[in-house]
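My structure is below; once you've seen it, I'll send some questions.
As written, the chain order gives the labels A, B, C and D, with residue 1 at the start of each chain.
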Amino acid sequence: MEIEIGRAKRARRVYAFDDVAVVPSRRTRDPEDVSVTWSIDAYQFDIPFLAAPMDSVVSPTTAIMMGQLGGLGVLDLEGVWTRYDDPEPLLAEVRSLPADRATARMQQIYSEPIKPELVTARLAEIRAGGVTVAGALSPQRTQELYKTVVEAGVDLFVIRGTTVSAEHVSKNVEPLNLKKFIYELDVPVIVGGAATYTAALHLMRTGAAGVLVGFGGGAASTTRATLGIHAPMATAVADVAGARRDYMDESGGRYVHVIADGGLGTSGDIVKAIACGADAVMLGTALARATDAPGGGLHWGTEAYHSQLPRGNRVEVGQVAPLEEILYGPAPVAEGTANLVGALRRSMATTGYSDLKEFQRVEVVVAPYHAH
Amino acid sequence: MEIEIGRAKRARRVYAFDDVAVVPSRRTRDPEDVSVTWSIDAYQFDIPFLAAPMDSVVSPTTAIMMGQLGGLGVLDLEGVWTRYDDPEPLLAEVRSLPADRATARMQQIYSEPIKPELVTARLAEIRAGGVTVAGALSPQRTQELYKTVVEAGVDLFVIRGTTVSAEHVSKNVEPLNLKKFIYELDVPVIVGGAATYTAALHLMRTGAAGVLVGFGGGAASTTRATLGIHAPMATAVADVAGARRDYMDESGGRYVHVIADGGLGTSGDIVKAIACGADAVMLGTALARATDAPGGGLHWGTEAYHSQLPRGNRVEVGQVAPLEEILYGPAPVAEGTANLVGALRRSMATTGYSDLKEFQRVEVVVAPYHAH
Amino acid sequence: MEIEIGRAKRARRVYAFDDVAVVPSRRTRDPEDVSVTWSIDAYQFDIPFLAAPMDSVVSPTTAIMMGQLGGLGVLDLEGVWTRYDDPEPLLAEVRSLPADRATARMQQIYSEPIKPELVTARLAEIRAGGVTVAGALSPQRTQELYKTVVEAGVDLFVIRGTTVSAEHVSKNVEPLNLKKFIYELDVPVIVGGAATYTAALHLMRTGAAGVLVGFGGGAASTTRATLGIHAPMATAVADVAGARRDYMDESGGRYVHVIADGGLGTSGDIVKAIACGADAVMLGTALARATDAPGGGLHWGTEAYHSQLPRGNRVEVGQVAPLEEILYGPAPVAEGTANLVGALRRSMATTGYSDLKEFQRVEVVVAPYHAH
Amino acid sequence: MEIEIGRAKRARRVYAFDDVAVVPSRRTRDPEDVSVTWSIDAYQFDIPFLAAPMDSVVSPTTAIMMGQLGGLGVLDLEGVWTRYDDPEPLLAEVRSLPADRATARMQQIYSEPIKPELVTARLAEIRAGGVTVAGALSPQRTQELYKTVVEAGVDLFVIRGTTVSAEHVSKNVEPLNLKKFIYELDVPVIVGGAATYTAALHLMRTGAAGVLVGFGGGAASTTRATLGIHAPMATAVADVAGARRDYMDESGGRYVHVIADGGLGTSGDIVKAIACGADAVMLGTALARATDAPGGGLHWGTEAYHSQLPRGNRVEVGQVAPLEEILYGPAPVAEGTANLVGALRRSMATTGYSDLKEFQRVEVVVAPYHAH
């Protein structure tokens, strides 16, 4: 439904996860009968969860843990692990910085150059853990580093930025030609963020195996205050799921995975992402709350240490439980921050669905939160 | 009105009690002339209130009090009263637990097995009080315990779970065939929660005398955060009232009672439930505020001590007045937490209606709360 | 626009003053050129403000002050001034009661019988002040006391209750036949509260000179919590203004005044009431903030001391300025609580209108408040 | 879409900047490739920012700084700089006044008469700084002072009031005939505030070079409480942009600049103003936060010291960074209060636009803020 903002502007009403909820059907199931497996390209996962490439969430160690627990950990190949031989003291420093000095010091820490040999070493370390290996670069660095990454051996290659388009225009540098790049690469590529039907459709046409929906981070509120840009996730996921359907038709059957990335703080949000059409979810905040996450109760993304225009802060997310309990429970609390897999299973069972693809058809309602 | 969430998802706008209000008609009445009586099957009640089967609300003693005051107390047959010979010390312990240890200790307390002989004894105790006898089981336990319950003698049999469907699918256990079960039982059955037209219609077709509308508890906000499931009550009640009307037509006149269960914190909410089509209401929080309620100012449901995925907390609801004053006043305060019956009468009188069935036709408006 | 709440219930979207605002036209004026005079029956007023019949707002003294300042003070003939020879000590006591004992003690104070001779004396006192004399009774007391009131001499007779209908039904007492009553009375009658088109139309048909729109008090939020009843004022006023238009047509030209009564806390609310169609406003909270108001910074209505079902509290409204400055400024603060007349003039001037009747046509927009 | 408030009133739904957001397209760009230049009449600017004529924002010194940084500083010719030879001690006093005495003392300070020779001197001082010279008068003072202003030499003449219409009606004074005035003046005129299509269209027909959209100040919330008037900025800007388009058609191609003035607290708001159709923005609060702004962390407009009806307060806005960093960064914080130009560039780049005129076509969505 188009809305008239004023005589010279029309707009569309869009929806956040907080605006919607799922409702039961006439059937119920046992949670144990529900399947939450997910596969992309040749890789199969017990659970449809990717750990986001952020230093507060994924280290080589937690990437291995995530794989062993049935999901996929994606290492940020532009974070501390590829800039420093021993990043642990720096992570400890970031965790202990007072709030008013955090941004400035993080800008320093992340100005250290990336070392290709460390990229190689970190990926090898994950490979040695016996799990699927995935690393992420920003579009700006992909050209420079992708060969190192591919030679080091990754199973899934992630290109992740705030907004990634299939058609970047630049007067100064030759931009990455995604279509050509993906075509020539042997490794399946997951790319994003994209938040609209059109942007996602063009990314799908580049040959990507998956598209990240969102703006590559959870700092939606500060992005809105700073850039005026906002794409509420319920609408974004449902729009990109529409692009998946239309692209499947135009491509004669190629299925590109839709991965919600951002705004997924609780198990309820994960449920809604899949209900709106996501195949899997990339989790930042939700996993940064693990007692064994590298952030130690804090969480930050690249936008927090942008040199000219920081659009997020290092935030306190608290510590809830070890990663395994965050994923599989038992949940010590009732806020949807632990036993994410159990909650997803129970939600699917309560509403009568038996696998994720089916669950994308669950009935959704618009029911805004009430303040009290 | 269907809303487009995004290209691949449509949704319906739904409404909570907080979204709506009733408005006067052109006529007014005296509150004394208003009838609030309710009858289901052979049982008649002065007031359309059922006390919810929760240990913080109904003990054998309060079930008798509730009956003597004109309503119906429903005992939870899976609570402390059927697990322990003398549950009073355990209730006292739950009341005194610090918040951070409450969930864990309650999980222990409620892991004690249920004793069939205690089921028999508790129901006999209520029967001896000279009131209508009602007990509740979850769908999971109904098969195992219903014979004990029926032999002990209940007037009304309540099957209550978060979401109860007429068609539960399980690969491991033979699920309860509600239709067969109710048909063979001599006792009228009230069953729920159900929150949608279709789910309720199927429950009505099982032969139930009444359907509970809601998710079997008041922890709507944590259910939403945890499972992403939410069914605002104004829409849920009005949808199930629609199912009652359609089922009455298809069955040639069988009237199944619609009982709102959840989200009824104030007398204003009770008024709105009936205005949206409910025949009666099941009260948890509203009665847990009685100074003589077993919870002693605290309130908890089964979801608070779920072993793997607690979806609610033991909450402080405060103590307002004795049960009799909660129901019949005088009200010491103006927040709609006491003199529930007087408020219902006055609301009906002010808007010009003389009995509950008529009042289901009162005009309702959509008028969201303002924060200030 | 009708909204489906659920299958068995439809509702209309209604609006509060907080939901709306007025907007300028293409013309502006000087505030000094704007007229805010109002006349009803034979009585003319410099300003369209009635002081509400509440003990915290109107005493005989403030009724005279209000008249001298160009408005109309309405004395509550069922308040302390007609129950006690010397009510000042009781008013002082109410002002000093701790919050937790206020309701109980006020219930006692207001259980003292009304003395007809005091009704006579108080009205004579106001008459002696040389201003228009107005007194208010509830519908319940009108039969019993109206002769005393009329003989004492009032210019305008106000019948004010939470909800007053032209058709009150009672099995126990012969209700007041408003139509007959007003027909036989020589004094013009203002009657309400009414909040809907139909209720107001029927009140107009009784011969009333004016209709009060609202629920006879400002405790809208507690009425909503307690009774589930709510009639947001922007819609209520616009609906009753519609009844005025239609009744003028059916009666061949009788103009019944629409007086907004409730929810008028700021000059902005007064502006919106007239913009929605009100001819005048009855002010409670706004005038209780006068340093010379009897409430001394506190404010209470009959609903605060209802014996069985109090639906409001004695509330702290603070003290802003003397009554004269509340009405005519200068305003020491910028919150719309002082210089109410100046603000009304300026708003009319800024939007280009020159009298109240014209200003009822000003453009209104729906623009909900934002929390931050 | 017209909404029925009630039977006698209809209204239009309008939108604030907080209600909307911009969304990316399928293309992205480098921020360096984006142009944010703006020109009006013969004057060209690196950035589309005007500093508002308020004593807390613009002194002769900051007007020069603003010009040197690529924007335009507009001096209030009715502020302290034209009333006092040496206003610095008075500015210092306003900054140090306790809140409860601020309004009264400011009313005194601003009652000092304006000295024409100081108008001349201040404008000469700015001219000597080598930047574009702009000064503002209220409509009330324009007749009296414009000759002084023009003779002193201004490049752009600003007439700014709360609501300025092309057709002011007064019984006492001969109002300013804007059309005649502008026609006879050699200097281009920017005039406002106007908040509706019709009011703006009439202002455009007077020959103005630019129209200020808004109510001449940021105190929207107190104006709403006091006067009931509110014109949310997203709708206001889009409506006036519609007037620009229609006037261009009727005038055979004259392009009148639309300048958003009010409600622009963050870089995100600036982005949205242009997205809704603004050519430039006039900034108050956003620049009052500069450590070198005259307000020293406080901010006030004429409405704060109105003698009879103050409709705003002297507010604390805090100090973020020097003016240069407020405009060009780096941003020490992530709230959209610094690096305004960088944020605008990045937003345009992220959404794929290369100049301001193009960016007025960016897709906008309606996405209300969520409280948590």
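Here is the rule we go by: a contact is a pair of C-beta atoms (placed from the backbone, for glycine too) under 8 Å apart; a residue touches a chain by one contact, two chains touch by 3 or more.
The chain list, named the UniProt way, goes like this: A, B, C, D = GuaB3 family IMP dehydrogenase-related protein.
Note that the structure is a prediction, hence the values are computed from the model and not measured.
Interface subunit C/subunit D: under half of the residue numbers present appear on both copies, so the contact uses mostly different residues. Rotating subunit A by 90 degrees superposes its CA atoms on those of subunit D, with the angle stated to the nearest 5. Computed centre separation for the pair subunit B/subunit C is 40 angstrom, with centres defined by C-alpha atoms.
One finds 57 Å separating the Cα centroids of subunit B and subunit D. For subunit D, residues that reach two or more other chains under the stated contact definition are 13-15, 235, 371.
Interfaces, counted as pairs of touching chains, are A-B, A-D, B-C, C-D. On the subunit A side of its complex with subunit B, the touching residues are 1, 13-15, 20-30, 32-33, 197, 234-245, 266-272, 275-277, 329-336, 339, 342-343, 346-347, 350-352, 363-367, 370-372. On the side of subunit B, the complex with subunit A involves touching residues 3-16, 18, 103-104, 162-173, 194-196, 198-199, 201-202, 219, 222, 224-232, 235, 303-304, 307-313, 369, 371.
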